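Letters A, B, C and D mark the chains in the order given here, with residues in each chain numbered from 1 onward.
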Amino acid sequence: MRVGVLTGGGDCPGLNAVIRAIVRKGVQEYGYEFTGFRDGWHGPLEGDTVPLDIPAVRGILPRGGTILGSSRTNPLKAENGVRRVKDNLAKYEVDALIAIGGEDTLGVATALSDEYGVPCVGVPKTIDNDLAATDYTFGFDTAVNIATEAIDRLHTTAESHMRVLVVEVMGRHAGWIALHSGLAGGANAILIPEQRFDLDQVCAWVESRFKIRYAPIVVVAEGAMPKDGDMVLKDQTLDSFGHVRLSGVGEWLAKEIERRTGKEARTTVLGHVQRGGTPSAFDRWLATRFGLHAIDAVRDQDWGKMVALRGTEIVRVPLRDATTQLKTVDPRLYTEAGVFFG
Amino acid sequence: MRVGVLTGGGDCPGLNAVIRAIVRKGVQEYGYEFTGFRDGWHGPLEGDTVPLDIPAVRGILPRGGTILGSSRTNPLKAENGVRRVKDNLAKYEVDALIAIGGEDTLGVATALSDEYGVPCVGVPKTIDNDLAATDYTFGFDTAVNIATEAIDRLHTTAESHMRVLVVEVMGRHAGWIALHSGLAGGANAILIPEQRFDLDQVCAWVESRFKIRYAPIVVVAEGAMPKDGDMVLKDQTLDSFGHVRLSGVGEWLAKEIERRTGKEARTTVLGHVQRGGTPSAFDRWLATRFGLHAIDAVRDQDWGKMVALRGTEIVRVPLRDATTQLKTVDPRLYTEAGVFFG
Amino acid sequence: MRVGVLTGGGDCPGLNAVIRAIVRKGVQEYGYEFTGFRDGWHGPLEGDTVPLDIPAVRGILPRGGTILGSSRTNPLKAENGVRRVKDNLAKYEVDALIAIGGEDTLGVATALSDEYGVPCVGVPKTIDNDLAATDYTFGFDTAVNIATEAIDRLHTTAESHMRVLVVEVMGRHAGWIALHSGLAGGANAILIPEQRFDLDQVCAWVESRFKIRYAPIVVVAEGAMPKDGDMVLKDQTLDSFGHVRLSGVGEWLAKEIERRTGKEARTTVLGHVQRGGTPSAFDRWLATRFGLHAIDAVRDQDWGKMVALRGTEIVRVPLRDATTQLKTVDPRLYTEAGVFFG
Amino acid sequence: MRVGVLTGGGDCPGLNAVIRAIVRKGVQEYGYEFTGFRDGWHGPLEGDTVPLDIPAVRGILPRGGTILGSSRTNPLKAENGVRRVKDNLAKYEVDALIAIGGEDTLGVATALSDEYGVPCVGVPKTIDNDLAATDYTFGFDTAVNIATEAIDRLHTTAESHMRVLVVEVMGRHAGWIALHSGLAGGANAILIPEQRFDLDQVCAWVESRFKIRYAPIVVVAEGAMPKDGDMVLKDQTLDSFGHVRLSGVGEWLAKEIERRTGKEARTTVLGHVQRGGTPSAFDRWLATRFGLHAIDAVRDQDWGKMVALRGTEIVRVPLRDATTQLKTVDPRLYTEAGVFFG
């Protein structure tokens, strides 16, 4: 048996841990051989491969990024894409494919598996933690730790200068990173894409903090938006999914808070540092277990499935279900967090 | 309503986050007042209290330890212990008690609640993660992160000198910290209390690592024990629970490995650094949510219950069930990890 | 003897360590009393004070920011500023003043000491490390560590996506943070305010990196500027010192690199996270020693002096000399670093 | 020109950064070729080499340990050692040798250079920072950061349980790590090899801390010793230098403090975690600069010299002077730190 492996979409701490676990168990326990496809679906589409064996995965557990490279290439949108993928799998004698990626990457795996008979197994990856079928995805815990450490640091600057500090974290469609890091970092307001925020309310929280001689931290997900009327339309852009979004909600928010409350406000946009570097212990553990269970699914020829975390167990779910539903922040959780606002 | 709060047993990152969440929600949403009892059950037993209000919990979220202090005092073993506790609760007009602690501390809460009618709610705390009723306890993730970072560091020393490095981590009765940090740190052997280890097998793993010109890391839980015959009896001591245990299994193991394989071996005992200092983001989040749900249980007068994590939900379970069952490492999980040994 | 203490300018990890050392040694060894002035020179100007004794400095060693608060208030520019300061010192019976701050804060101390006979001692503080009289200032090492850790993280994202990552770090007039973190982080180009950069050269470095299948990291100080002609004038603004500077050189650079090389480029602006949070061990050590030596200077009535680091020794230098000369990056050092570019 | 490079003695964060800088500058600017000798002086003695070129040093900057391996082999003590080294240098056509190491490794380089005409340049390495000729050695800052972080963590455990925590850090002959991490971590006593400690004094410090309801941290260098009479002789051993030393001064101290003060005391021995893993930004910077200047010394044929840090400058000093004098903690520095004891 020869198994192909690819990683697609944005990079995420833990990808290498998944790859290592797949290869270690596949070679040692099942005697499989592996082919690495380079840069996501670009690899099978163009026949771009790298050797993938035990020496290739040595020492990669603690490293961020992916040794296989990544891209957003979609073979379903390429001319004769499915045929070229199938031809290349045949050419490299690849009997099964493990695709590690998010909504887009796994969407392709779903189609190839369900509609075109390509034997695929999926491993979910989204740093935003917004996939419905799994309790957590790897990379998320690392991102939350990095954002929390940044918020810890910003508190002292806020206090020393009695300024508002706005921290923009990742999260276009779901506010998980904002919610978790905001709670862990002791933020005085958390703004998420799931609930349009009321600028007057935000300013009220800010001012109540100053009244007790403390300085507020506002954590805002990049996809958060104010209620109608608060936003100047020309600041809006369309993102790659065609949704309207603010360009730089953090900057905009700091300016508005400053204008309305008269308090100095500053923004920090954490950006790419949230998704790079060595994974947290939790993410290494989760990614490793995902890898071990993905290769078990291959052994079981359980095609069209994705591994997922439920409680402390790794389970398999249909790829089709997994990739069609966004997991957004439950309003009850957001309300629960509200006790710390202001 | 006046609510008493105490923390018992070994300290654990996240205790302060629980206390803060209880007080913030209790005061702001329910209008409760609070009394802090000092040093676990010593507080209600001796009437030793500290003020506990919103200013008292400011800034404590990121801090390790507990502002209330801790001890292993057991009022059930003290003369007239139950009576003295009840008298002190009456004296301080405390209507309900939230006990944050492990097996022992919550065992007292169970007895007081079930047998003596003291209105108690429990919050589980064990850095070893060995409580059956909850998926995770706070503090565990921090400990695993610290141990993993230490293992990361030790790899480079092992490689540079081609030595065996034995890392002894916490875990008297359960090997969760060893298993998680060993997997996350890429250890070449993980030894846990749940399964007596075979020294010949450990030495075989060690030697197979040297054969490919790499140096091995062995992670051993403090409560791990070799199979019969491997251990010199005079090295054994009885722990406080009356169980036989090795004093310093890490040191012993390094000496034995050195003697049998002829390779230099060194031990690092991580000790107390694993349980101190600022909690990880996950532990702050979990501890905060435990606190919020504990005060909700008080509001619901749901006595004799403990908050627990199930998947991503906080639930309530009977204190009695929670404190009587140790959660040990599932043999399947340990077998799963074995692919990385050697 | 009663000694006043104030902290001015931007906050910086280590300020609290200085304050603590001053108070501990002043009280314990010399029997002094202390008055804390709030928010830099605002404190003596307006008579705004806080108690400053041993309990007040407990536990502050590892904390970022300043318990005294800070501001950029300049009493020399306030109406009757000098008189009001002198009146308040008399009112609070303050016999000597220790000013902890940068060019501006210490400039005031110099004038008060040299021209108006106010007994002042200075402690240098600049996160940018750009004060000529001292080898290092506290806060700088922390900032460099934070920036280096961010660069470490960004490498994996750059490699996974074969993108250029531009990291904008602090440094308006001097490139010390860029130089040190760029070297420590293995950057492929480092751009500093002391030397206008050649965009063609930067693009050449970027492209040479891609040629060997690696992705480049470009570290740019916020005050770095391209050579004439490379910059669109309307992007320029005047900073508070009246100098022309780019607003957002990092963003601008990424766009230009993308336009010229056709490679995807992204920017991360580290911003305030570089100056907040717990100080590194080096900064705690340096700040503590600065504090101990500052109170010794008070005891010696050695007014108009500033403590400074020379090698491993703390020395005293005239405040006047210290605050008039910017320490910029030596061209030889920059050339030395050039071996790693490209 | 072909240059040999070796690393000897205990591993130390920054070794790889030195190697990388030597090779990058040597190849790119001077057109040199390199031979890596494996495991310190074992390499030239036995003719054990590894390829050393630009691809070999890629990605090693942030990694601890040494890609060349290390050992304590001393060719001066081997039969025909000098001749074998010279023969192997001739065999591999190595024209010059850069030795990176401590007292022992550089002592060999001194003899080879001064007495046997082997063209050698030295780079100092000692994690203990105890070499007289240089202000700092790389690795030291990393060790101090790790020890300080551990002390930070232990504070919260000490406070929560009102226990004495003894932290044993590295430093056989010099107390630099103890002094710096103790000061940076806010220890209540620091014990160093340079000054025999008085156990009564230590207990007095411990008790004064409890009197104000705080718990003490005692930092002790592994080579620290009590005054005569305090120590049971059978606990003593001879170290490899023939000096009497305590085996486990930390454990011994905790027991004695417990016995004398009646307070619970615990020990943490940091051990090898202090010397492994990724170097701090300062150490990467210093190590990189040492490497750049070492290859410059080779180009200048300035044999028998060692690079060293003086203030912020890298200078060259005679190897002979550098390796014969231990840099111990100046008593004035130790006295200065004493203000924080108790």
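By our rule, a residue touches a chain if its C-beta (ideal position, glycine included) is under 8 Å from a C-beta of that chain, and two chains touch if they have at least 3 such contacts.
The shown structure was predicted, so the numbers you read here are calculated from the model rather than taken from an experiment.
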Legend entry - Other chains in touch with both subunit A and subunit B: none
Legend entry - Separation of subunit D from subunit B in steps, with touching chains one step apart: 1
Inset, instruction - Averaging each chain's C-alpha atoms to get its centre, pick out the one most distant from subunit A. - result: D
Legend entry - Computed distance of Cα centres, subunit C from subunit B, in Å: 41
Legend entry - Distance between the centres, which are taken as Cα means, of subunit C and subunit A, whole angstrom: 35
Inset, instruction - Would you kindly tell me how far, in whole Å, the mean C-alpha position of subunit D lies from that of subunit C? - result: 30
Legend entry - Multi-partner residues of subunit C (each touching 2 or more other chains): 152, 278
Inset, instruction - Mind listing each pair of touching chains for me? - result: A-B, A-C, B-D, C-D
Inset, instruction - Enumerate the contact residues on subunit C facing subunit A in the complex. - result: 10-11, 13, 15, 63-66, 69-71, 146, 149-150, 152-157, 159-162, 165, 266-273, 275-278
Legend entry - Touching residues (chain side subunit C, partner subunit D) in the complex: 21, 24-25, 28-29, 58, 61-62, 135-136, 141, 144-145, 147-148, 152, 180-181, 183-186, 214, 278, 280-282, 284-285, 288-289, 292, 310-312, 336, 339-340
